[in-house]
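One structure coming up, written as structure tokens, with questions to follow.
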Amino acid sequence: MSTRPVGEIVAACEEIFEDLSFAKAREWKAAVPGRKVIGYMPVYVPREIVHAAGMLPLGILGGGADMEVIHGDAFYQSYICRIPRSTIEMAINGKLDFVDGMMFPSICDVIRNLSGIWKLLFKEKYVRYFDAPQNFRAEVGGVFYANEMRELRDGLAKLGGREITDDDIRRSIAVYNENRRWVNRVYDFRADFPWKAPSAEVYLLMRAGMVLPPGEHTALMREYLAAAEAANRPMRDNCRVVLTGAFCEQPPLSLIKSLEMSGCYIVDDDLLLVSRWLLTDVPTEGDPIGNLSRAFLLHSAETAAKYEPDIARKGSYLIDSVRKRKADGVIFAAPSFCDPALLDKPMIISRIEPLGIPYIHIQYAENSSQMQPIREQSGTFADSIKLWSAS
Amino acid sequence: MSRQEVVKSLSQVKQKEMIGRNYDRITGGTVKVSSTFVPGNLNELLMCFDIANNLPEINAIQNAMRKKSGEMIAEAERSGHSEDVCTYVKADIGMMAKGNIAPNGKPFPDPDVLLLSYTGCFTFMKWFELLREQYKCPTVMLHVPYAADGEPTKNMRDYIVKQLKEDVIPVLEKVSGVKFDIDRLREYLRKSAIAENDLVWMLESSKHKPSPVDCYFGGVYYMGPIFTAFRGTDEAIEYYKLLRAEIEERIAQGLCAQSPDGDIPEENYRLVVEGPPNWTSFRDFWRMFSEAGAVVVASSYTKVGGVYDYDGFRHDPDHPLETLADYCLGVYTNRNLPTRVDMLARNIVEYDADGLLVNSIKSCNSFSAGQLVMMREIEKITGKPGAFIETDLVDPRYFSAANVKNRLESYFQMIDQKRRAGGSAAASGA
Amino acid sequence: MRTFIGIDLGSTTTKSVLIDENLAVLGSGITNSRSNYDVAARVSKQEAKIAARFTLFRNALGKDAEHLLADLERNFRLEQFLSALRQLEETCMGYLDHPRFQGTKASLRRALESVFRKIEVEAQVIYAPGAARKSDFFRDIAGSRFMNLAEAASREADIPFETMLNIYDKSIIDVESLVDPDETVASQMRSGLARSLASAEGVGVDRAEALSALGKVLAVELEETYVVGTGYGRVRLPFPKEQIRSEILCHGLGAHRMFPGTRTVLDIGGQDTKGIQIDGNGIVTSFQMNDRCAAGCGRYLGYIADEMQIGLHELGPIAMKATRVPRINSTCTVFAGAELRDRLALGEKREDILAGLHRAIMLRAISIISRSGGVTNEFTFTGGVAKNEAAVRELHKLLKENYGDMTVNISPDSIYTGALGGANFALRAVVH
């Protein structure tokens, strides 16, 4: 369909990624009077409902590697991670002035309390703390969650001044089903041909999906896959790793690049999970909210922010991913001061260690600039894996 | 008053006995034991199953006050835990590694059930997942949604009640072998409410001038029974009756609040404090206040195990499961920031305090994330100055006495200066 | 006359400011804090009194005396130096009675004598008109001269250099703890004036008038009506509690006295960074300090200077030569060294890295200011880092970017801000 070479597609994605004023989302909003934009923080929110309201769900993932934070530090002590302080900085500097509402998923206490800060500082905005269930029984957590989604639907309906029908939601479910299929295709393609789809590119492609309307993003992924398949890129003698722990505060792009440069192909990760959180298509027939709820309860990804009721299944999501993606090892990449990731890690390690899955641990902040130590560590890791598999 | 003259009051003696007996009960090996958390603890419910209630935060506090927590945290960090994360968790894990000895010198038994009351603190979830790894015992999660919009919703309440009915109670029945009797629960809840009335009276006694009690350092002791294993017992009722009589006597005598070394001679400052205390240097920390004549007339920490004064909550025997849900939803750290701001600002006004002091705790994001904004908002609302200090719960590495003292002194002097501000214009000349 | 003194005991220097009943600053003094705050307080207080006498002398003689005063001050410093040098010599000689010097006593005495005679001669040069001194502290000047001369002297006398150093090290501590009594100071001033009047033709002041004025000035009793201590060492001062004030309050009031229009004060000292908001009367309305890590305070620059093996005062001028300012994220002192070496290894220019580091520090400082309530009006920058031109440049940039154009005050006397505030508190304590 398109003739753009892969570099051009990636460059377009990078432009979206680097634009902290969200020009694309502003354009979308300005194109039709009355349009609304709803920001959301990492991990997972049911974007289908926002989309069904005719609004644009906009991923807010912190200020990235280059933004100087001044006022954000006035809000947070030094022992708190970086993403909330750069997010506040953006809000104070007017970068989010066009955002009509914000959704804060239940990741941890820091993001939870950020919802309160928003309420205190931006009283005119729609603020929704979105508590996902930690009870996974349909009649208990399922009912609670469905009702929370209904509250969200009604809140957005009020904000948008129009009703959101079940049919609206069903249509949006279909749009996101399609989007998720292409996301998974990109991930599958990268796992099969990691040299053809470098992780930095895949990441930028997925980041574009945090800003673009889902249909546009789907088209972009199709275009990228076609171009990447056609591109002639050399295969390198890299090991294959799964990156985990980076589900909230984003690692700098240079970190992702550094890992691959040092000899580790990332064949799976937990970055930008929102686009892959639901593991199956959501049915487009029947009660749409009930369907979204069931998909969450029964077919969703795992992170440290989600309770695992079954001790035997702890870590199984990562182990399945290692197996499915034929990974050689795991890189734990946790943001500094990230309670969920750091507290979860010892448990996950205790599951993968007996299976002989090698791993390393690195810590970062979204603005980490020193990549040399990380390259050294991951390079050594890659070398040791290669030596080990050769012997 | 010199240190030797400090005698324990009847209520203090009683509380000591109660705590001692509870540790003996937990370590005695004759009853089933549950581990659970202070915020959102379901003591009355556990009592219905004759299950003893062991609270890991309290153990961490006990270890910190005995100067043992530093080594325990180091032990946990050696075993792979990050320096960045909650030190309650690490003190608990380190304690297990070091033989899990209770304050009475006997080893803690492995818990029979982990009741994960996931209330107002994300870390609770990881903490009990970690304990489950160790004990491999039945673990039941009670997910208490965050009251993000200020008021708990019907959906939240229904969700909790359903979890109680369908998950928590069946597991406790199975673990204990005792059938659930809702009338027994009602009886305990009735007793809870009686003690809670006296507790609220105590909290509000600090409106007196001088305040007869310190509601932070002293408050920690007064909260003990209601926050831990005694809510719903006759002992708690008796304790709060004794305490009330003692405070009434102090008011009659016009006494100031107490310090670790006896009665404070003069009340110079009345403060509202946000955030938990530091436990590793608890007494030194307290003395920094008491020696300046600073009394804490209200604090948010005395609300972590339940908020009884702000909106008048009492356990309600007529709606036993619903009232447990409301209790959990209402604990301080499950309240949103605007509500916390309102609560503290009202405290400052109603208790005629000089201002808000925030003790920001490194370990506790649930409390700490957002405190700087809260402070500014409260300053705006009340017109009273705030101050900010930083310490940790049980990690001795994060208590810098000189640093804390410096800020406190500055704060007290700032209050002095503001009080004199009327006359300062003339003095300053220029 | 009644005077009111504020003493600011910092981690590196101790400062005193002396004011009169009319809030006029009569004098200020500074000394190195040593490891003895008590001595440092007494020395700096005496220095402030000396300065006060100079002020009184100037007031008595009027404008025409500027030239004489400059000359007098120089000659007085010379007298002071010579007097301290004599004390040092006596103390050194005193140590020779120790049994372990029995065999070498005579040659040591000769060697020391020759060194001190040479320093005495050099002193005339060190304090010659127009001569630049790196430091005014006796320890620094005498120490460096002694080191230079003792090596040769020990070689000539065939005694170990180490021994001479040991004797010096012991003695300088004793001498530093001595505070000249007022009478000694008075005689030094008289001798100084005699020198000035003898050597300088055309000082433009009548000799008799000058001598009489000095006599009157020296006769004035500078009564220490009230003394207030502040700064990091304040708790160790031998003061009653009510004479101690927090340095935050003193800084606020001191800055107000220097710049009455200021509402925001940033102080970056060795140990911490403070953001202070004050009202129109100099009363602190809110304050914030850096948290437990040293990131962004003066000490951080010290680490960097050590790491680069250059002097602290050279950092700013080097950073000013930068052509680009790279983004440096770690203001953590622990990581700063590693990041620095890394960047140097990657071929980045030293001046650019330093410029980046200065920006990083000032970013932290502006965050603390933001935390304390932002910048509302005139801004005053104090503390040792305020002398660093690269830091000041970044401050200007950041203030403009975040708060727009505004007045930024930096006083050449900014180091005395806390002591000045203390002196004003001392006055208030008595006047009220």
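In this document, chain identifiers A, B and C correspond to the written order of the chains, with residue numbering beginning at 1 in each.
Going forward, a contact is a pair of C-beta atoms (placed from the backbone, for glycine too) under 8 Å apart; a residue touches a chain by one contact, two chains touch by 3 or more.
Computed from a predicted model, the values in this text were never measured in an experiment.
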Checklist outcome for this item: Every chain in contact with both chain A and chain B is listed here as C
Item to check | Pair of chains ranked first by number of touching C-beta pairs | outcome: A-B
Next on the checklist: Taking the mean of the C-alpha atoms as each chain's centre, how many Å separate chain A from chain B?
Outcome noted: 36
Checklist entry - Once you find the CA centre of chain A and the CA centre of chain C, what distance in Å lies between them? => result 55
Checklist entry - Between chain B and chain C, what's the gap in Å when you average each chain's C-alpha atoms? => result 48
Checklist entry - Which residues of chain C are in contact with two or more other chains? => result 291-292, 371
Item to check | Residues of chain A engaged with two or more neighbouring chains | outcome: 74-75, 77
Next on the checklist: Going by the contact rule already set, what residues in chain B reach two or more other chains?
Outcome noted: 372, 390
Checklist entry - Residues of chain C touching chain A in their complex? => result 291-293, 295, 327-330, 335, 338-339, 342, 363-364, 366-368, 370-371, 398, 402
Next on the checklist: Help me check something: in the complex, which residues belonging to chain A touch chain B?
Outcome noted: 74-77, 79-80, 84, 106-110, 112-117, 119-121, 128-129, 131, 133-135, 137, 139-141, 143-144, 147-148, 151, 304-305, 307-309, 311, 314, 334, 336-340, 342-347, 349-350, 363
Checklist entry - For chain B, which residues count as touching chain C in their complex? => result 372, 376, 379, 385-388, 390, 398, 400, 403, 405-407, 409-410, 413-414, 417-418, 420-421, 423-425, 427-430
Item to check | chain B residues within the chain A interface of the complex | outcome: 79-82, 84-86, 89, 118, 121-123, 125-127, 129-130, 132-133, 136, 139, 141, 143, 145-146, 148-149, 153, 155-156, 158-159, 162-163, 166-167, 336-338, 340-341, 360, 362, 365-366, 368-374, 377, 390
Checklist outcome for this item: In their shared complex, chain C is touched by residues of chain A numbered 66, 68-75, 77-78, 365, 367-370, 372
